[in-house]
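Each of the next two complexes has chain A plus one other chain: chain B in the first, chain C in the second.
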Partner chain A sequence: MLGFILRRIAYSLVGLAGVVIITFFLSHILPGDPAQLAAGGMRARPEAVEAVRKQMGLDQPIPVQFGRYLAGLARGDLGRSIRTKQPVNKDLRRFMPATVELSVVAMLIVALLGIPFGVLAAVRRDGLIDQVIRVVSISAVSLPVFWFALLAQMLFYRQLQWLPVGNRLPLFADAPPGVTGLFLVDSVLAWDWLTFRDALLHLTLPAVVLATGSLAMVTRMVRGSVLDVLNLDYVRTARAKGLTERIVIFKHVLRNALVPVVTMLGLQFGTLLSGAVLAEVVFNWPGIGLYAVQSIVELDYQPILGVTILIGVAYVTINLLVDILYAKLDPRIRFS
Partner chain B sequence: MAAWNQVEGGKGPDWRRRLRLLRRPVTAIGLALLLLMIVLAVLAPVLATHDPLAPDMGHFLAGPSAAHWFGTDDLGRDIFSRTLYGARVSLLSALALVMIAAALGTLLGALAGYLGGWVDDLIMRLTDMFLAFPGLILAMAIAATLGPGLFHALIALSLVWWPSYARLVRGQFLTLRSVEYVEAARALGSPTRRIMWREILPNAMTPLVVQITLDLGYAILSTSGLSFIGLGVQAPTPEWGAMIAYGRSYMMNAWWYSTFPGLAIFVTVLGVNLLGDGIRDWLDPRHRR
Partner chain C sequence: MQQGFRSVVAVALASTLLLAGCSSSRQQGQSGDQKTSRNPKAQQLVVLMPAGNSTLDPAINYEVAGQPILPAIYEALIQLKPDGKIAPQLATSWDVTPDGKTYTFHLRQGVKFHDGEPFNAQAMKGSIERMVAIGQGASYIFKDPVAKIDTPDENTLVFTLKKPVSHFLLSLTSPWAGGAISPKAIKENETKDSKGNPDQAQEWLKTHAVGTGPYKVKDSVASDSTTLERNPDWWGWAEVNNPSPIEKILVKSVAEASTQRLMLEKGEADITFGIKVTDAADLKKNSDIVTQPVATGLARILSFNNAKPPLNDRRVRQALSYSFPYAEALASYGDGAKRIIGQMPEGMFGYDAKLPVYNTDLEKARQLLSEAGVNGLKLDYLWVTGEDDGRKVAELWQANLKKLGVDLNIKEGSYSTFKEQMNSPKTMPDVAAHYWGPDYPDFSAIVNLLYDGRLQQPTGTNLSFYQNKQVDELLDKIGMETDDKQRAALASQAQALILQDAPDIWVAYVPQLIASRKEVQGYVRHPFFDWRVNYAEIHK
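And now, the complex of A and B:
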């Protein structure tokens, strides 16, 4: 197991190197000129651009620039946002909890609904439930998340007035005392149930919308995984022994069929984070996705790079953890 | 991979098996939806009721009516006509995206799979690096670096997409480089380049083409997503993602503005996905059962 973990960590280091090298390429080598942007865009005087270029170290040889870039990353220095006039890492720390809260709740919805739906579809293969789940899930993966988010707002906010939209709490409401920055957790810790209710209401629509696409994918994959196991010899043996279908499914099939689901959930996290960027924009949800997009609009480059690095690192880490968990659940993986 | 090969080795005339694909109503509906969108895109100049770019200040933000089937936008432009023309942009850019990505991925995947050794290692580590990010996030960063615009958005998305094709093609080349007819070509002294592109590639095409079909829907979603956040198609060109973004500000009193372009994306992607799903089942008996 240790050998497997070490090998898997080495593999993750390639991913992290990718994050560092690719973002360096983006910020230092591609034709877009950060100095031009920082000096005030296309209308900036050439002397001013030159001065900024020197100040940013962009006149140095590439290896020197790369060394400085690495040193900066090691210190957690991601540059400064022109728009918020704050260091990017400070901004990220401020906006990160909203994104974490949104994506974790969405992921919970995906796991808690996707697994039962998938199992149900597999057990009732080609039956009515299976067909309905199939059509609904293909439709769900075909929805552009930003449009779906708008429709949901028009329906549940404007028409039915069931749920609030925009931000994490009502206007003028105070955030619960910040321990984790996750409002649901913080409000419970502060025993503030009113805030908890508000936070939950504000979170519902964005989380459900964000979860929809991944939920559909996971449902389909769980269905496939269960069907694969249902065809195995040992399941036939279990049935031949005269066990009830319920015991066959719950005791024999699920235990094996759900192991690969761990990996699926990990991979879906990337899809979920991509969707979160778009959903945050529509729901005005103050996370790093909204932060990145607002920076794009103002051609403020460092924050975009910072968000990319942060999400890259998070994605690599999560996939590492998921693979280790997978190997723990399935001994065949770590010995192959 | 076994599933693809089974199809290659299947019996009976090719066309009959192809027709069987359409026997499932859902797959046929998918094909019909996709064909409908293609026809609408091609015939946009004939079918459009208005000039998609002409503002009409007398009728801005008018709801759907006999004159303007999908209503008008904040500049009084006809949303039906803009959505029609948007089909051209969306379909063509999605196609361009998968084509560029597949070409790049095929080239690198073929080199990796056929040559092996350090070339393989280098290219595969490169794909690992790109796969360290969720695709759309990296594409967003690249597109932001290059600057807004459809062309840049397509470059950005292609750069993010090629690794999956490279892996697919590499696998094919790994298998095919040691089959008999390739060995024979090599023994006859065919140059490497000829063996790769004339002998192996044609036989590696089927899974590649299937993968491209399956990816088309996601390509439409991705390009319109980048346009939605302002990185893709720029005003005044009608494009679905960008139209939804503009309509967002008028969401509370002009529901039609964002709704119809979004519906167009949904219908198109649904068509592609239903068709792709049918093709996958048809090719992979494991799922058919």
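And now, the complex of A and C:
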């Protein structure tokens, strides 16, 4: 087991190194001059552009810049953003909790609703509930996040005025004392229920919008998976033994049907992280997605690299956890 | 497993109920927005910007996003009022020697920085020298003309210039001309940069600020938001007719125009600078909102590659100028767009309403092209991604050009591609669409930079490889001329010469929609610095 994990980590490191190299060179090969942009664009005086270039270390040849970047990376230093003029580490620490909070809540919505809906649809196959779930989920899968987000804003913010839009808390509100950076958790720790309520309200729309696509995918997947298992011989045997339908479903079917679903959930978490980019832009949610998009627009290399590495690490870690969970769920799977 | 499933369903149900509970309490008007803040809403102001401000350092900031923030914190020697007049700020009066080379400023007494330090001539000198030493942003305003700065006493600051510079005073009113920073704050917060040199508090001043202005920084998140709070000790409160009661100001970047609009409609935002002009008509129907579609100082310019045949022939450029559909292009911008006369905006030094303009005249264009012996011309046109008006006006123009047998090949490129191609006449497209807005309201900030033949790319700001020795000589003369009347006459002469050469097409001043809540009183749009807000006079 330990050997397996170590081997997987080693593979992951190779993969991440590839990601770093490709992202670094791709972003540096693009024509353009971040120093010029940072100095004020076309109107910037050449000497001002040079001053910025020197300060950012962009006056060095690309291999030297790469060497410096790797040396920094080894020390855990991800460089400095041209746009925010802050160390990328500091920026990521500030923006990451917002994305984690958003993605985790979206993931909870996906798992907590997707599995029951899927099972329900499979058990009531071709019944009214199944038909409704299938129609709704197929429409939800095909909803573009951007469009759906705007629609949700119009309805819940402008028309019904139920939910706020954008930002993690009301404007001018103070953030709860930063322990985890997750406002839901921090506000509970501070026993500040008003802030908790505000944070939850602000989170609702972006999280639901972000979760919708994945929720539909997972529902459909669970339904398919449960149906497959329902047709297997051992299920017929279980029924023949006279077990109640409830025990058949929960004890025998679900355990087997959930194995592919766990992989799916793991992969969906990756999708959620990247989907967060769009949701964060539309909802002005101050996470790493919004940070990455703004950095890309301004050719700000270091944050792009930093976010790429961070998401790469998250993805690899989740995949590893999924593999371990796999074996827990299915005794037939052994680490090798 | 059954147990597990039950608890899963229970949690799902509970969270759904919790959410439902929260939304219904909000529905009853228990808005969460009011509980966390101590000030009533009338003492808070929310300003939305389409882009974030990256730094609070007045020596480095060189972005439009700094306009609604920095002038509230830092003050300069003089300021430009919305009526276009130069007014005192930290200097109460100034004299200029007849040779135009020595400027003496008499400073305001009794002014204190936000940290309690007294403001004096040394502090101002130190701030300016710091800006020049860092060498970024608009430091050229001091670096180019100033030979030395003296402080004969606490309250007097003397600039000695290398040569007379007629626009020196006006350039000091630029929103990017820096401001007085507390010397104590610089000293106390100095750290070493990556190379081990003292950083003059550059790191600290990115997110902190200690100026003399009416508002202090409470909190700043780089490129996202800045919260300002009232400085009760500001010297200027006594001089404002009806001082603002606003205690807290939040200047926030909200990139999505639709989100800005929603926030304004709902009363969460007070003044917005990022809603699309095309939304103006629709917003007008809402009686809670005041809209001002206005022409900005930002001009849409289509620059020809003046060095490349056949565009190096003036007649060809003139022909293309006559072929442009000015009226249609202007209409495509919507409310607020404005036709350009010469190269100067109305109200700014150098503006001359009598200068000739090119109007659409396809016959004349045809005639000029045949005189130049040009047939079957093919032109590459480059517009920058994100600047959609660049594409729109090109498409309108394309139709006219087709009638003349000219083929306009419209290409899109990133800003970086644009910059790269503009470096040399060999790579510059035949026509390149770009914007220009002046740093300070003077002729020299527009015409000199765009048309001086000695300022060509890649190191200069001349974006068309235009060169006319006669124009260069005139520009030098204008720079030294201290008599305003004489200077204005020369400025008109230079513009007329340039117009005749037709190095580019000036399409329109791009409009912007400034939208605010009707309860916001006292906001006067600054005609030259579009995003500047004079908070000291605003009421809600």
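Everything below uses one rule, namely that the second predicted complex is superposed on the first by the 272 of 336 C-alpha atoms of A that agree within 3 Å, B and C clash if a C-alpha of one lies under 4 Å from a C-alpha of the other, contacts with A are read in each partner's own complex, and residues count from 1 in each chain.
What we mean here is this: a residue touches a chain if its C-beta (ideal position, glycine included) is under 8 Å from a C-beta of that chain, and two chains touch if they have at least 3 such contacts.
Everything numeric here is computed off the predicted structure, so don't read it as measured data.
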| item | value |
| --- | --- |
| Partner chain in contact with A:V222 - chain B first, chain C second, else both or neither | neither |
| Touched partner set for A:P116, first chain B, second chain C, both or neither | second |
| Touching partner for A:L254 - first (chain B), second (chain C), both, neither | second |
| Contacts of A:L171 with chain B and chain C, given as first, second, both or neither | second |
| Contacts of A:E47 with chain B and chain C, given as first, second, both or neither | second |
| Chain B versus chain C as contact partner of A:L182, first or second or both or neither | neither |
| Which of chain B and chain C A:Q161 touches, first, second, both or neither | second |
| Chain B versus chain C as contact partner of A:A292, first or second or both or neither | first |
| Partner chain in contact with A:G312 - chain B first, chain C second, else both or neither | first |
| Contacts on chain A seen with chain B and repeated with chain C across the two complexes | 30-32, 150, 153-154, 158, 281-282, 297 |
| Residues of chain A touching chain B in the complex | 11, 14-19, 21-23, 26-27, 30-32, 125, 135, 138-139, 141-148, 150-151, 153-154, 158, 224, 227-228, 231, 270-271, 273-274, 277-278, 281-282, 292-293, 296-297, 301, 304-305, 307-308, 311-312, 315-316 |
| Chain A-touching residues of chain B, taken from the complex the two chains share | 26, 125, 128-138, 140-142, 144-147, 217, 221, 224-225, 228-231, 241, 244-245, 247-248, 251-252, 255, 258-259, 261-262, 265-266, 269-270, 272-274, 277, 286-287, 289 |
| Complex contacts: residues of chain A adjacent to chain C | 30-33, 36-37, 39-48, 51-52, 55, 83-86, 91, 94, 108, 112-113, 115-116, 150, 153-154, 157-158, 160-166, 169-174, 194-195, 197-198, 200-201, 204, 246-247, 250-251, 254-255, 281-284, 286, 290, 294, 297, 299 |
| Contact set on chain C toward chain A in their complex | 1-2, 5, 8-9, 11-12, 15, 18-19, 22-23, 25-27, 32-33, 35-37, 39, 44, 46, 52, 54-55, 60, 62-63, 134-140, 143, 193, 206-207, 221-224, 227, 248, 250, 252, 254-256, 258-259, 262-263, 265-266, 268, 386, 414-417, 419-420, 422, 434, 436-437, 439, 449, 458-461, 463 |
